[in-house]
Amino acid sequence: MQSPELFWAMRILLPLFLGAVVTYVIGKIISRIKGDRAGGVVAAVIALVVTVAAYILCFTYPGAASAGAESGIAWLGSLKPDALSLLMAKIMFPLVILVAIYSLGYMKDDSGTDKYYALMLIMAGGMMGVVGAGDIISLYVFFEILSISSYCLVSFRKESWEPIEAGFKYVIINALGSTVAIFGLSLLYIYSGSVSMAEIAAHISGLPDLPVLAALALITGGFGVKAAMVPLHSWLPDAHSAAPSGISALLSGIVIQVGFFALLRLILGVFPLQMQMVGTILIILAAVTTTYGNFIAIAQKDIKRMLAYSSVAQMGYIILGFGVGFYFHSADGFTGGLFHIETHAFMKALAFLSVGCIIEKTGTRRIADLKGVGRVMPATAVAFTIAALGLAGIPAFSGFMSKLMIYKCGFQAGTALGVVLSSIAILNSIISLGYYMPAIHTLFSPAGEAAAKVKGTVSPAILLPIVIMVLITLVLGWHPDLGLGPVNAAVLEILNIIGG
Amino acid sequence: MLIYVLLALMALSAILVIFCRDLLYAVISLGTLSVFTSILFYILGSPFASIMELSIGAGLITILFMATISLVEQPRVGHAKYSGRSSISFFALAAVVATTIWVALSLAEGVPGPAAAASAAALPEVLWGIRLLDVMGLSVVIFTASIGIGVLFRTEGGK
Amino acid sequence: MNLAVNWVWMLTAIVVIAGLGIFCIVTRRNMFRMLMGFTMLTKAVTLAFVTGGTLWGQPGLGQTLAIIVIVIEAAVTAVGLSMIVNIYRHYGAVNTNQIKRLRG
Amino acid sequence: MKYSLIPLLIFVIPLLASLVCMALKKRPRWSQEIALVTCLATAALSLALVPEVLRHGSAGIDLAWIKSFGFNFSLLVDALGSFTIVTITVLMAIDIIYARQYMTPEEAGSSFYGWTLMFMAAMVGAVAATQLIQFYFLWELMLIPSTALIVYWGSGKRPQATGFKYFVITHIGAALILIAILWIITVTGESNIYALAGALAHLPASTLTVLAVLFTIGFAVKMAIFPAHVWLPDAHSEAPLPVSVMLSAIMMNMGIYGLIRFLFTLFPAGVANSLGLALMIFALISQWYGGLQALNHTEMKRVAAYSTISQMGYVLFGIASLSMLGLKGSIFHMLNHGTAKALLFMSIGSVIHSTGATHLDKVGGLAKKMPWTALCCSVAALALAGAPPLGAFQSEWIIFAGGFSSPYTVLAIIAVCASVLTAFYVLRLVMRVFFGHERNECGDINEVHEAPPAMLASMFALSLLSLAVGIYPDFFHRWIEVALQTFGLF
């Protein structure tokens, strides 16, 4: 029987990284011979084939039965994939595939798209490495692969000032974050003499409090930067609004969640004793993050920045689910958090993709200038509306179901704190209407200048991912059981680890 | 004893990196920091890490910095800006150093003594054996960085 | 290996250099200086790994970890520097307070 | 409970039909017919359910929904539910007939009928829902179609702003309901509305009061009780006329239903008692505020919209009197107010349709040109004013009788005075528009003609319904008494 480690290395990581090399090389050759655009198309097709193949392969996961099976290969010991990793893979692959299809239409006028798709595959591989890593060094290496590729993707359109400036901000703050995190991890190594999470966890109970807390603080702070917890979020609005829309969708939909996932993995793997305390910290951070993100989003005039701040707020919901889960040992909290990762990935990606399409046609990102666009681009505007209502947690869209779980877990804790938290979360979803509604309103108001500029139809490569994501959002909103299978498996895994 | 001297020199060059006015001197301080680190590595019995630190940290990175600075920096720009703030900066720095030393001393409680019996695996075994995945990861990192730099310096007209 | 070292001072140096690195990133406004701060922080991390390796009698592992960190440091620095070059082409300046158009 | 498919059918048929209508984007004529057939079928089915419900107490069906959350999709209709559902479906069918001629198929488009049917499905589903989360889900599902109807077909200056104001304010009300619902589910572990009464009785009084207040505010927002009424005048007056009917005459019943269902069948009697006086005061304020505003405005639809606020004050007054009579009157008033308000809106619609005037001082003396519309409008006005032998007479006077049986006689007297105010503003509307000197400032008076047959037919149907209820109320009394038996309060 195949062990999970071998499975992860051979069927997930290898195709992605090897595929990135192949994509880059063949894309480069074709673009030398046939020109840039043909090279981009070929690279996109190869990238699509690779991701689809890896996605299909990821359904051959040997399952919990094989969890004990040894691969017999020493260096695979630094991977430790489980149901949680598989859940992230099942969220990430469809997203990357849809974004790749979208980019086929969206990036067709850019140069160097062979590199774009190669970097996208590397980013996917980095994410899968982070979620599958079982020791701190592999976690760090893959985290850096993810980071470096996303730095370059954010400033991909280097011809204008914004992506490049946002890119530098992104580089410096995230490099600081991940280095602080690895500094915390290196302290753990000094104190425990091991890099494997399981061995560190075995050592940690014998250590004095202060080094452990210092390491925990450094790690939380470090990965908190990537997860965009307030007050470490300041890079996010710039980077997510400056990136090409497909990349914004990936960044908001899955990359920041992977940043949080790294923290989650370490809390589960290394700090089981500190869980209660971590829960408290996460709850406070989450409440602040959600509220702050929502209020600042209201003040935004740029639609992509608005969505970026909304990502900050939604991250708060996810963290709230996990914080409540850790604090109260509540399975519902984990289900809510993980399910919100899943639904939010598609809703936020949908919002960014449809907004990207609108921006491409109108050439403006100011919300006030987008008057009447909904009347000339009805399909895209309706898609944005669905995404926005879903993000606001209105029933009939998937966001409601996951937020419902998060609201419920607070009440389920049965304490005043839980009730207050859930009420904050519910009220926040109303505050979020304060910026989604004006945006929708502007899109559907009588036509303005921008609407007059719109010419031609949206290309099918752009429309197809949008339609698929709309369907996912609606179907999960009416029948969440369809998306809950992997989530429940992952929650079982977490409960196994924390023994709840 | 040499180790303490090295540690002090490292701290000193780190401070120089922060406060030295001319960027080029700052880069040289950074290189010096790397050199001291690499000597320290050697003394601590890590020759390979020492060589890597010397060649990449003191060599490659310093050259990269130098090249970029000479490409970018106009001399005598922005010097006046910092002079007004420097005393505040030094106080802040003193506070930071004091705090970190205090933290470090409190951290020291749980540090294990040096291992008596070192059942050490040699570096190549570790590097190409149990850490092979990370080494592959490193090759991906280098590949990514080179593509990324290619993206940032591509000359073809884009959108 | 029995080195006559007080490990407490070793650890102190690590934390101090890391602290200086973070201080440098947070307070300096020159982009090069920020990247140098990042490099210093990474030095502290490598030193920590090598120290850990020596302490636990695992020089192989400690060195490997240090090498990994060094290579990643070089890659990130290279990407950061090429961003600085691009920024300079846009603005003719490398101080963040001179180019700050984006609002946090 | 008797096993019955009908509750499922009256939810699923409109929902599927709405999807079909949405899909038939290019063929509005077909969707028009589909909508008509669906509405008639739903009305017929809901009427067919009445004898079963009266015989067995309730009828319903239980389906699995979200297994992972442990939520079921159970539909159950008891006497109160069936009364509400019949009101909704019958009025909706009549409204659809009216809309056929008020808007041409091209003007309406397929999606108008699609949204309408989805709106109806959500309302019926929310009434029949037995699981709390399911109730909330369907309750919020009403929001999207109704907002879309206001935004896309609205006629005011800024229909978007109006629609979104409506959306946000009612969503805030719904969020309070959600907090209460989640609280109940987690504290009691019970999520079936019909099994909650026992579970809630064990909770401490303070918790129950907080919960009751949350529910009351939540539903009061939907009922547009002062001061939560701010969304209503704009939404009801700027929506296209058939949608105004849906909002004013039909959707208001949802708020009434929710308040009665949650406040009286879930909570122990003491909880509602502690809220009685506050509710009564707000009811009086709404009554007077709505009436005075209706008198103050000249735009006909706005008059009708403010009249709705006032009428909801009556209903809340009946509820707040905490007496069997008052509750009975309030439930009965759902049907009677729905009928009368729909009739008033429709006759206003006919006037707007044939004259183009929207303000009541722009036209006059239309009775000669549009005699039947004048007749229907007078019926509506008399009904709202509480004149016998029309239906609303029955319910209003039962409400007042309930009020006098409560300890606050003074407040009841003030409420009765408000009905004079009602008479004043509705009769002012009728007199100005239909009697006096013949004129039309917005068009040629000679081109004013009687409303087209389908519109007249739906208006006649409503007038006859109002008359029939007034002349033969016994059946309805018995029906509501069956509903009240399940309350077991007072």
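Lettered A, B, C and D in written order, each chain numbered from 1.
Criterion: a contact is a pair of C-beta atoms (placed from the backbone, for glycine too) under 8 Å apart; a residue touches a chain by one contact, two chains touch by 3 or more.
Just so it is clear, the structure is predicted and the values come from calculations on it, not from any experiment.
Averaging Cα coordinates per chain and for the whole protein, the chain whose average falls nearest the overall one is A.
In terms of their C-alpha centroids, the spacing between subunit A and subunit C amounts to 27 Å.
Centre-to-centre separation of subunit A and subunit B, using mean CA positions: 31 Å. The centroid of the Cα atoms in subunit B and the matching centroid in subunit C are 5 Å apart. Separating the CA-averaged centres of subunit B and subunit D is a span of 72 Å. Counting partner chains per residue, subunit B has residues 103, 107, 111-112, 115, 131, 134, 137-138, 141, 144-145, 148, 152 touching two or more of them. For subunit D, the set of residues touching two or more other chains is empty. Contacts with at least two other chains are made by residues 137, 141, 144, 148, 151-152, 155, 158, 187, 190, 193 of subunit A. Contact between chains, per the stated criterion, is found for A-B, A-C, A-D, B-C.
Put simply, subunit A touches subunit C in their complex at residues 137, 140-141, 144, 147-148, 151-152, 155, 158, 161-162, 164-169, 171-172, 175-176, 179-180, 182-183, 186-187, 189-190, 193, 195, 234, 237-238.
Residues 9, 17, 20-21, 24, 36, 74-79, 109-112, 115-116, 118-119, 122, 125, 129, 137-138, 141-142, 144-145, 148-149, 151-152, 155-159, 187, 190-191, 193, 207-208, 210-211, 214 of subunit A touch subunit B in their complex.
Listing the residues of subunit B that touch subunit A in their complex gives 103, 106-107, 109-112, 115, 129-134, 136-138, 140-141, 143-145, 147-148, 150-152, 154, 156-159. Subunit D makes touch with subunit A in their complex at residues 65-69, 133, 136-138, 140-141, 143-144, 151, 158, 160-161, 164, 167-168, 171-172, 175, 178-179, 182-183, 185-187. Touching subunit D in their complex are the following residues of subunit A: 335, 389, 394-396, 400-401, 404-405, 407-408, 411-412, 414, 419, 422-423, 426-427, 429-430, 433-434, 437-438, 440-441, 444-445, 479-481, 484, 488.
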